[in-house]
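Here chain A shows up in two complexes: once beside chain B, once beside chain C.
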Partner chain A sequence: MRWRRIVAVARKEALQVVRDPRSLMIALLLPLMQMFLLGYGVKLDVDRIPLCVVDEDGSQGSRELVERFTSSRYFALRAVDRTVAPAVRHIDLGECRLALVLPPRLAERLAGGGATLQLLVDGTDSNTATIAAGYARNVIDSHATMLQLQALERHGYPTHALRPLDVRPRVWFNEDLESSYFIIPGVVALVMSVIGSQLSSLTIAREWERGTMELLVSTPVTRLELMIGKLAPYFAIGLVDAAICVLVAVGWFGVPFRGALVTLLGTTSLFLSVVLAIGYLVSVSIRSQVGASQVALVLTMLPTTLLSGFTFPIDQMPAVVQGVTTLVSARYYVTILKAIFLKGSSALELALPIACLALYAAVVVALAARAFRKTLD
Partner chain B sequence: MSAVSGAAISVDRLGKRFGDFAALTDVSFDVEPGEVMGFLGPNGAGKSTLIRILCGLLRPSGGRARVAGLDVAADPEAVRRRIGYMSQRFSLYDDLSVAENLRFFGRIYGVTARDIGERLRAAVEMADLTGREDVPAGSLAGGWKQRLALGCAILHRPQVLFLDEPTSGVDPSSRRRFWSLIHDLAGQGVSVLVSTHYMDEAEYCMRVAMIAAGRLIALGAPHELKQRSAGGTLLEVACADTAHALEIAATVAGVRDAAVFGNTVHVTATLPQARDAVLAALVTAGLADARVRAIPPSMEDMFVHLVQAARAPAADRSTA
Partner chain C sequence: MFQRILQMLVKEFLQLRRDKSARFRLLVPPVIQILLFGYAATFEVFNVSTIVADQDRTPESRALVAAFVHSSRFELKAVVPSPEQVCAAVQRSDVHVGIVIPPGFSHRLRSGDEAPVQVLLDGTNSNTALIAGGYVGQIAQAFAQAQGEALLQASGRALTAPRVRLQVEPRFWFNPNLDSRWFFVPGVIGSLVLVTIVNLTAFAIVREREVGTLEQLLVTPIRPVEFILGKTLPFFMIGLLEVAIVAGIGLLWFRVPFNGSALLLLAGTCLFLLSALGLGLLISTVCRTQQQAFASNFFVLNPMFILSGFGFPIASMPQPLQWLTLLNPLRHFLVIIRGTFLKGVGIDVLWPELACLAALGAVLLTASVLRFRKSLD
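This part shows the complex of A and B:
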């Protein structure tokens, strides 16, 4: 292996990237676009649920209950009607997800032993519906408890003894349960895998497409020198992109960064090696730039989105699918990123996913180095 | 032909098959140091396949080939360090400048940092590209592109140079200029194997190998081949009724072959007195306007004749 030949290839490749608008776009614009699109687009929080109220009672009591909903950050009151018909329309049109129906003579019924409220829920998105109904229940339950206590007080009971269990949950790592904190480190992984594989998927295909490969294979450059030289500029670009992603995550989205930069740099380098090698493998096998970039996109984007634990928690997947995720390199990187960002985990604590990622990198890089044949046969 | 030690290229019963198609069959020849060897043949004859095998780009299916003393199948990398190659299609980087292309190939071939500046200047001068070092290679005209490609192929001072149809699509004055560069290199001891489908370019070569349908059908110095292929004298018959003249001439004793060539008939005669016999036969047949003269055979005559002879080897004594 000659250092000089590697540098020659790397320099040539860098010049070509700088002069190729398509590569430049992928390298610099795409990561920013993806960070903002996905950072804002992928939200798992259920809050500000559009709500309408059918207040058939119209008493002070019913208004107190409605107030409880409007003061909660989980609900946004859109309309108050006197009859059910307009509320049904709101749900049909998708303006509201939830309709709370308060029956007439609510205060009277409460005094007489209890009232029944109706909750109409739009169940098209079952996940949101379940969460919304749960939130509504909590609001109503706490209101009911308050009413009970008030009633008891009026009858002279000491109310302080009536709270046998009091739960005070305290959330660690993501104190505000911001789903963006949990999503954005995953977005960084997604961006890195798409960018890395896209850039390297063009590199060999471009030589075939432009007819420069014939001369290149006639030179004494070895396939290892060729691979290292060709991927080196993309590795550098990948690290710059990683820096951009982290800056946007921390600076714009306010995601806390609690770990060590060195750990981030090391693991990002490992992951970059994996995705660059995957793109290179694709580029060697498919001799057209468009074809190679599409295959590379499918090979990296899909598993990273679906099977890395980026959006869907792995431990809730069926056992077979969980098995499949062990073959997805992004799975380890997503785990590592979330831990570095939110938990401030050290490299030692992350030894297992780091080892898996390192093994993965070793295998894919070895395959990529051997894939290219210096013949035209 | 066996591998002679000291030969720059030594090819022994080389064959290449692509599936059922025999691209090359039983090709043998040697090229000496400092020799310019031309490969002549129509498109698809196997010239590019042969050059690619010698450059280690294709693996031979049979036989042996040594370049610069090294077996191309056994040690292609060592061969690659000692050769320069110019492929049929322009295959430098269009988006890199003249100087960037030269520097890239120089480094890839291991030209040291100390030498590269001087070699680059020499190559730019040779290619007549002084002042255009920063122009993108893709925007150069044909003749300059081709000389730049030659420059890239010789920066590392290779012992052997393979040029695959380097002059196709280049204007005649650039072609002449290119050939003089090739002879300069040969003068410095470089062996050059150059393929072409321009018959007239064979005259620039010290020796010519004719290749058709994957077989070597003739090998020798251009003047030698012409004489040999004529197998005697080539006569040109000019008259109004060429079809009739062809018929008559073919029946004359001592005539081996007759073919229409443009608006004349070319007659190959084995006997020196055939000229008079042909003229007499034509006049007797009523073709009073017929004129017959001996002409030197062109490369094209030679090639047509050799291909015919190769198809019927038993009937011919002149093939190599």
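This part shows the complex of A and C:
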């Protein structure tokens, strides 16, 4: 392995990037676009859920319950009707996510042993529906507790007996359950996979398309030197992009960064090696630039989006799919990213995912180093 | 005129028939994507790994733990003696939920003092934590109510005070089991068709330009409008076929219900395809090479996907982004798809979306045809 030859290949590749403003623009614009798009566009928090009430009771009591909903920041009251029909229409049109049906003679029913409130929820968006129904239950439960306390007090009962349990939930690592804190660290992985695989997938395919392959084959460069030289500039670009992402995440979106930068740098380098090597492998096997970048995009971005735990929790997937995710390098990197950002985990605590990522990188890079053949057929 | 368009059609289909990799790209990625989304994309919360420190070890504390486990929302991984072990397990991400029942729990419960229970939630995935936290509250509430009643009875005083029983009966419409799959699978139809058709259209024209056959075509007596029609009609048909295939997988394999009118969905699909074709054409007029077209497609399609309501509720986005989504054909098409699949609503509800699609399609097609004619001169 000759250092001089590596530098020569790297210089040539870097010049090509600099002289092609379009690819340079992609390299710098894409991380910014992804960060802002996903940072603002991907929110799973639910507040101001549009609600309508069917108040068949129309009494002081039913209005008190409705008042509880209007004062909650999770609900926005859109309409109060006397019958169910308009509420059904609101839900059909998508104007309201849920309808609360208060039956007639509510107070009487409450006193007489039990009232049942119906909650009609638009289940189309199942996640929002789950969260909205949970909030509505909380509001109604606390209202019921208050009513019971009042009733007991009036009859001279000990009121503490009704609230025997004091549940103190505490949330760690993301205290306000801000969904952007959960999404944004994963975006770093997404940007790395897109950038890394896209840029490197062009390297060899370009030589074929431009007819420079013959020249390349006739030089004394070995395949290992070629790979290192070709990928080095993109590795540098990848690290710059990672820095941009982290800066935007922490500086603009205020995502906490609790871990060590060194761990982040080390693991990002490992992940970059993986995606660059995958892109290079694709580039060696597919001779057209477009075909190569398409295949590389599908091979890296799709698994990073769906199978890495980036948005969808892996432990909720079917067992077979969970097995498949162990073969996705982004899974380890996303775990590491979230742990470094939110939990402040040390490299030691992350030993297992780091080891998996390192092993992955070693295998893919070894494959990529052997992939290029110095022949023209 | 029709003859010339027909000849273009025959040429395009012949090209497609001979291009093995294009056929592969048309069929395989869509199938892989719908399977991935069907199996991996889930926001549901079941069997969340849970650790318990039961420092009390009484029938009451065990009953509380049992209440959590029986809900099928929580899966007990271990019962440990000390709260420190709970904290360590959450820190290591071995479990997502930790419950600490302090000593004296049952004593306080029986003597009528509020008995504290500490619940630790891993907030790294804020969505799971939010939903799991809601379940914790519901289970604790039910437990508290049962205990409260038992206490009142044990106090020996005949219960003369009115018992307030307020029950909530949530009914999830359109998706009674809140199956994430029912939410995602219909959405995949829209996003896949958009990606495939825009890519196909843009590439087909840019390729002709790159290879130089575009000029050859233009010296034939074919007129620009005929050329565009002949070029886009095959993709229109492919788009319809793709919708049919993906919808078929959704209906037959994933058993997503179809409650609306197929005719309405067809009308919506045709209008949506106009936008997709217009967009593809428009991109083809600004790109010289296929590589440029590929990059432009990514920059256009990725924001459209994220800002469509495909997976992330539009209502939670910042207001300016919400306005921006109105210009996104995919957003309107997804409303039509989910409206016909899940809600079973008719044209009386979906006409605004159909109108928006028609308007967007008309604007995009007109703009692209104008630009295209100019780009030929």
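Basically, the second predicted complex is superposed on the first by the 365 of 377 C-alpha atoms of A that agree within 3 Å, B and C clash if a C-alpha of one lies under 4 Å from a C-alpha of the other, contacts with A are read in each partner's own complex, and residues count from 1 in each chain.
Everything that follows uses one rule, which is that a residue touches a chain if its C-beta (ideal position, glycine included) is under 8 Å from a C-beta of that chain, and two chains touch if they have at least 3 such contacts.
This is a predicted model, so every value here is computed, not measured.
Because the two structures share chain A, they can be overlaid on it, and in that overlay chain B and chain C fit beside each other without clashing.
In the superposed pair of complexes, A:R11 makes contact with chain B only, with no contact to chain C.
In the superposition on chain A, no contact is made by A:A358 with either chain B or chain C.
Residue contacts after overlaying the shared chain place A:D166 against chain C, while chain B stays out of touching range.
With both structures placed on the common chain, the touch criterion links A:L367 to neither chain B nor chain C. Using the contact criterion defined above for the overlaid structures, shared-chain residue A:G211 touches chain B, although it does not reach chain C.
Residue contacts after overlaying the shared chain place A:S126 against chain C, while chain B stays out of touching range.
Of the two partner chains, neither chain B nor chain C is touched by A:A236.
For chain A, the partner touching the most residues, choosing from chain B and chain C, is C. The minimum CA-CA separation between chain B and chain C in the overlaid arrangement is 16 Å, rounded to the whole angstrom.
Contacts from chain A toward chain B in the complex involve residues 2, 4-5, 7-9, 11-12, 15-16, 19-20, 210-222, 374-377. Interface residues of chain C facing chain A in the complex, by the touch rule stated above, are 21, 25, 29, 32-33, 36-37, 39-49, 90-93, 96, 109, 112-131, 133-138, 140-141, 143-144, 147-148, 151-152, 155, 157, 160-176, 178-180, 182-183, 203, 290-295, 298-299, 302-303, 306-307, 311-313, 315-318, 321, 335, 338, 342-343, 345, 349.
Of all residues in chain B, those touching chain A in their complex are 52, 55-59, 76-77, 80-81, 83, 85, 87, 89-96, 100, 103-105, 107-110. Listed in rising order, the residues of chain A touching chain C in the complex are 22, 26, 29-30, 33-34, 37-38, 40-48, 50, 91-94, 110-111, 113-131, 133-138, 140-141, 143-144, 147-148, 151-152, 154-155, 157-158, 160-175, 177-179, 181-182, 194, 202, 289-291, 293-294, 297-298, 302, 306-307, 309, 311-313, 315-318, 320-321, 335, 338-339, 342-343, 345, 349.
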